[in-house]
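This is the structure I want to talk about, given as structure tokens.
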Amino acid sequence: MAIVLGNNQYGKAQNHVVRVYRDTARHEIRDLTVSSALRGDFSAAHADGDQKDVLPTDTQKNTVFSFAKEKGVGAIEDYALTLADHFIAQTPVADGARIEVSETPWRRIEVDGQGHDHAFVQSGDGVRTTVVNVDGSGADRKANVVSGFTGVTVLKSTGSEFQGFLKDRYTTLAETDDRILATSLVARWRYESQAVQAGNVDWDKSYDAVKALLLQRFAEIHSKALQQTLYGMGESVLQQHAEIAEIRFSAPNKHHFLVDLSPFGVENPGEVFYAADRPYGLIEATVLRDDASEPGNAWLATPGFC
Amino acid sequence: MAIVLGNNQYGKAQNHVVRVYRDTARHEIRDLTVSSALRGDFSAAHADGDQKDVLPTDTQKNTVFSFAKEKGVGAIEDYALTLADHFIAQTPVADGARIEVSETPWRRIEVDGQGHDHAFVQSGDGVRTTVVNVDGSGADRKANVVSGFTGVTVLKSTGSEFQGFLKDRYTTLAETDDRILATSLVARWRYESQAVQAGNVDWDKSYDAVKALLLQRFAEIHSKALQQTLYGMGESVLQQHAEIAEIRFSAPNKHHFLVDLSPFGVENPGEVFYAADRPYGLIEATVLRDDASEPGNAWLATPGFC
Amino acid sequence: MAIVLGNNQYGKAQNHVVRVYRDTARHEIRDLTVSSALRGDFSAAHADGDQKDVLPTDTQKNTVFSFAKEKGVGAIEDYALTLADHFIAQTPVADGARIEVSETPWRRIEVDGQGHDHAFVQSGDGVRTTVVNVDGSGADRKANVVSGFTGVTVLKSTGSEFQGFLKDRYTTLAETDDRILATSLVARWRYESQAVQAGNVDWDKSYDAVKALLLQRFAEIHSKALQQTLYGMGESVLQQHAEIAEIRFSAPNKHHFLVDLSPFGVENPGEVFYAADRPYGLIEATVLRDDASEPGNAWLATPGFC
Amino acid sequence: MAIVLGNNQYGKAQNHVVRVYRDTARHEIRDLTVSSALRGDFSAAHADGDQKDVLPTDTQKNTVFSFAKEKGVGAIEDYALTLADHFIAQTPVADGARIEVSETPWRRIEVDGQGHDHAFVQSGDGVRTTVVNVDGSGADRKANVVSGFTGVTVLKSTGSEFQGFLKDRYTTLAETDDRILATSLVARWRYESQAVQAGNVDWDKSYDAVKALLLQRFAEIHSKALQQTLYGMGESVLQQHAEIAEIRFSAPNKHHFLVDLSPFGVENPGEVFYAADRPYGLIEATVLRDDASEPGNAWLATPGFC
């Protein structure tokens, strides 16, 4: 029996990069949090403490910042792919790189009905994310792009039921044909390898359309359970977006309990709720095409299903 | 020498109340976090453990939820004042009550260009708050209302300098005539006692106008320091809002450091910044009328200056 | 009517200083988070943007770090007092300074039953804090020291009741003679001005003794309510510590609800509890000597009562 | 092309269970946070909204609490395995269950040198965790147990270097033969399938020994990089614990930057550091036996490598 090094990765997490475009008086800003990680045969560093193969995380940080100027920041997916390829090229023993980018949205402050040139306010409209995993380089290069968002909190005040469920001796939950449905949604979708390889995905357009569609479908679908809502949302995305191979959801069921006001002689027909924190239901699901490309390392080290 | 009970208050913190208005198919929702506290001569409870004067925090919680139905939720200031008066009336030894309400904003989900009837998405546009302090009842009643917001993060990508400051042997900071200015603003303003007593403040209208004005002034003022920006913002509010006696700011100076890319042969003329978390500058200031009414207990137990 | 600047302070918050003492092979470490703030007539900075009176927060940060070497870090109270006096001396218009220091505890890692010379593990035993406020200098100098801790979570599994309380139509809580009592305690005590002025408080010894006494009394006192427990704890501190003028508590009542297992035919005689997060009771109280010195600015800008 | 349901799981997250053992006057308490999740062919629930196969998360919650009484809480691993088997048995379409338990440590409050019978204080000594995954039942049952801890923060004030690393044009980091090494360690180890199946692991003893050994090795190993330290720690665990198949680490490199005090004429020979929050290095590594059993679903949905 021998003891060996297994899966490993290392990098610099949470570089908070703010990029200002100031070529004209009307500035643009981009607010990114970037994490990089390299994987490969780093056994010398682990077993012997020999760092000759290790590109320091400090160097990765420097590169992340410098590329924001040198290469510019277009779609976060392109920025991440460029960084991943660069790190693999710079680090001979690295056979893969993982770049995660989150973008915090800002909008212009309104002054006299106009968006100001250089003053901005953060809008809390969820955070756009991408996780890019590149394996190898040259002819063997395989790139995976998983994009999505975190922290989009949605709620339906009706149009949601939960009944007909399995019961055992520990079941006390009442069936209901009208409840509040709320979740703080994390959605991540994997782009088809072919589309990524061909480089013909319009990342920004795809993101905007998918996000709007997910919200719309959440609103439209009459919910029999959060599972069915999520599945329906994912199905619509796959129907309308050929560039997407699969979509995964992680959705806490943020329980809103109807408060019993009857001890005070007060009726409460679905009007006053206690919004609980913990425990919460947690629904995680994948919706995919049956002919979707293989994910390979696409989901590596991303919270949720792997 | 005797040991005695000094200032004290007790209550139920962070009741998360969601109120749905469903009188028509077009629902409205209100998402409130409510904390109540009573103060007065509760020495029997403290010294002897005798609870006869103590309205339980559980009862306070019940009341908070029931009033959301019985009295309804209009402006959070009115809801808070109603609760404060009620608790003082119910609790003979209480000579004051403090009610804090925070409201999380939601907006309708867009479907085909229309806001949906009963599906909502949280907008992250800061949290509206009010802290209401009522002392006494009847002819002696004094009500204070401090309203404001937390978590409004703003940034200027230019129009901000910092120079001409005091220097000592520990000063290494370079003077600058162009830097990023960013803060996650907490603003709280106290309404004039007379206006509160007369009951003629339009809380929602006042809140919307003050918030918009603060953002506008942040954008417009050429900043020589965060202090001067805040003062100018506060001054405009007092000039335009006779109903407001004073305004207080707590503003972390969220430092954005220009990254030195020269080791890589890359210029960085105000384009790539590292956004730091800690340490941060913290600027706190009060702007008030010189004939403002006395605050009394208005600022009791509210973070920041008292 | 004129608009004027009211209370204000500014400084550098949350400088995370780690100080290593390495004079011998047996190192010592101190892990401090330090916030400084100056107050006074900074109206030129606010009204005109003139920074000539403003010692930059960056300079304050530099000083905090340099003093950790120049002056060393003994008791956090002494370190804070030294910084406060220094900042007042350096800044002509400052008439007061507030220094807050929190210390995270570490202990030596055990190797073969011995504490290691230079390897440490964080112990989560609450965080020791001090808030020092100095007004003026020379003969007019007045120094206030408020020390304490945050985040000490304690629980009694019996020896706690809650009954005989005031009831109204919203009261549904059952009386109980046996419940879990738990809180995440914040305690802050103010040292007598005379003792501070005389410089004869042994800060470390006082802190250790007060903390141990508070825990002991929490354990010993049969609780009729959290109020009575806190009062009893404070009373013991004042009885045994002549150097302390008053003590303040902020104590969330961390509710543990007995779970109803009867639907499953299971008895639950005080054995299985659901520990809730929100809402929680919040009890705040001051215990003081009736001849305590005036607090002046001692509690300025410290969360809780002021 | 068809759209299908892929991996999915659902359950109740973060049930906060406090279990009191009060058979004698000397109470014991256990403070657990429990998350359950079921996986399998829940396509009817997703595609059609038919809940007939779905054991509600509310029922899972009830079971978690009731089992704390019915089965008692011994080692968290046994408690989790019992729950997993139960849920699979109760839910015909479930082919797997994942139970995660975290235990917050408490110790007795000292009174007169003795631990009190029923008063406790939380010790912040990291949180013990287990993730149990069971697939199937009866002869086909496969159980995986991954135990470990989160939030153990350790620091070496010397005995750590970082040099000889790979350099490129973005490398500015200076080599060093003496730096602070600190991390907030997450360690998770997978028990050998055979040992789990045989039921002969002493979970508590194994946990205590592994944790102590990891701390000891962190202290003892002269570090050439965090990678080498982690590998050495893992190697020792595998050498001494035949019951363990592999161990995985997630270790943020909590940077401590030496502060340049030379502008103030102050030397700083490794004594005053600025402890930074972000960005941080993040080192993740697996150490395993080359004949380790297959992990199967052991690492499903656990943050880090899968």
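Going in written order, the chains are labelled A, B, C and D, and every chain counts its residues from 1.
We take it that contacts are C-beta pairs under 8 Å (C-beta built on N, C-alpha and C of every residue); 3 or more make two chains touch, one makes a residue touch a chain.
Predicted, not measured: the structure shown is a model, and the values here were computed from it.
Colleague: Which neighbours do chain B and chain C have in common?
Modeller: Touching chain B as well as chain C, we find A, D.
Colleague: Where are there more C-beta contacts: A-B or A-C?
Modeller: A-B
Colleague: For chain A versus chain C, what separation do you get between their C-alpha means, in angstrom?
Modeller: 39
Colleague: Roughly how far is chain A from chain B, centre to centre by C-alpha average, rounded to an integer in Å?
Modeller: 31
Colleague: For chain B, what residues touch not just one other chain but two or more?
Modeller: 15-16, 62, 66, 170, 172, 263-264, 277-278, in rising order.
Colleague: In the complex, go through chain B and note every residue touching chain C.
Modeller: Result: residues 1-16, 35, 37, 42, 45-59, 61-63, 66, 90-91, 162-168, 170-173, 223-225, 227-228, 230-231, 234-235, 238-239, 246, 248, 252-253, 278-291, 299-301, 303-306 of chain B touch chain C.
Colleague: State the interface residues of chain D toward chain C in the complex, per the touch definition above.
Modeller: So the residues of chain D in touch with chain C come to 15-22, 27, 29, 31, 62, 65-66, 68-70, 106, 109-112, 116, 118-126, 152-159, 180, 212, 215-216, 218-220, 256, 259, 261, 263-264, 266-268, 270-277.
Colleague: In the complex of these two chains, what residues of chain A are touching chain C?
Modeller: Contact set of chain A toward chain C: 169-170, 172, 263-264, 277-278.
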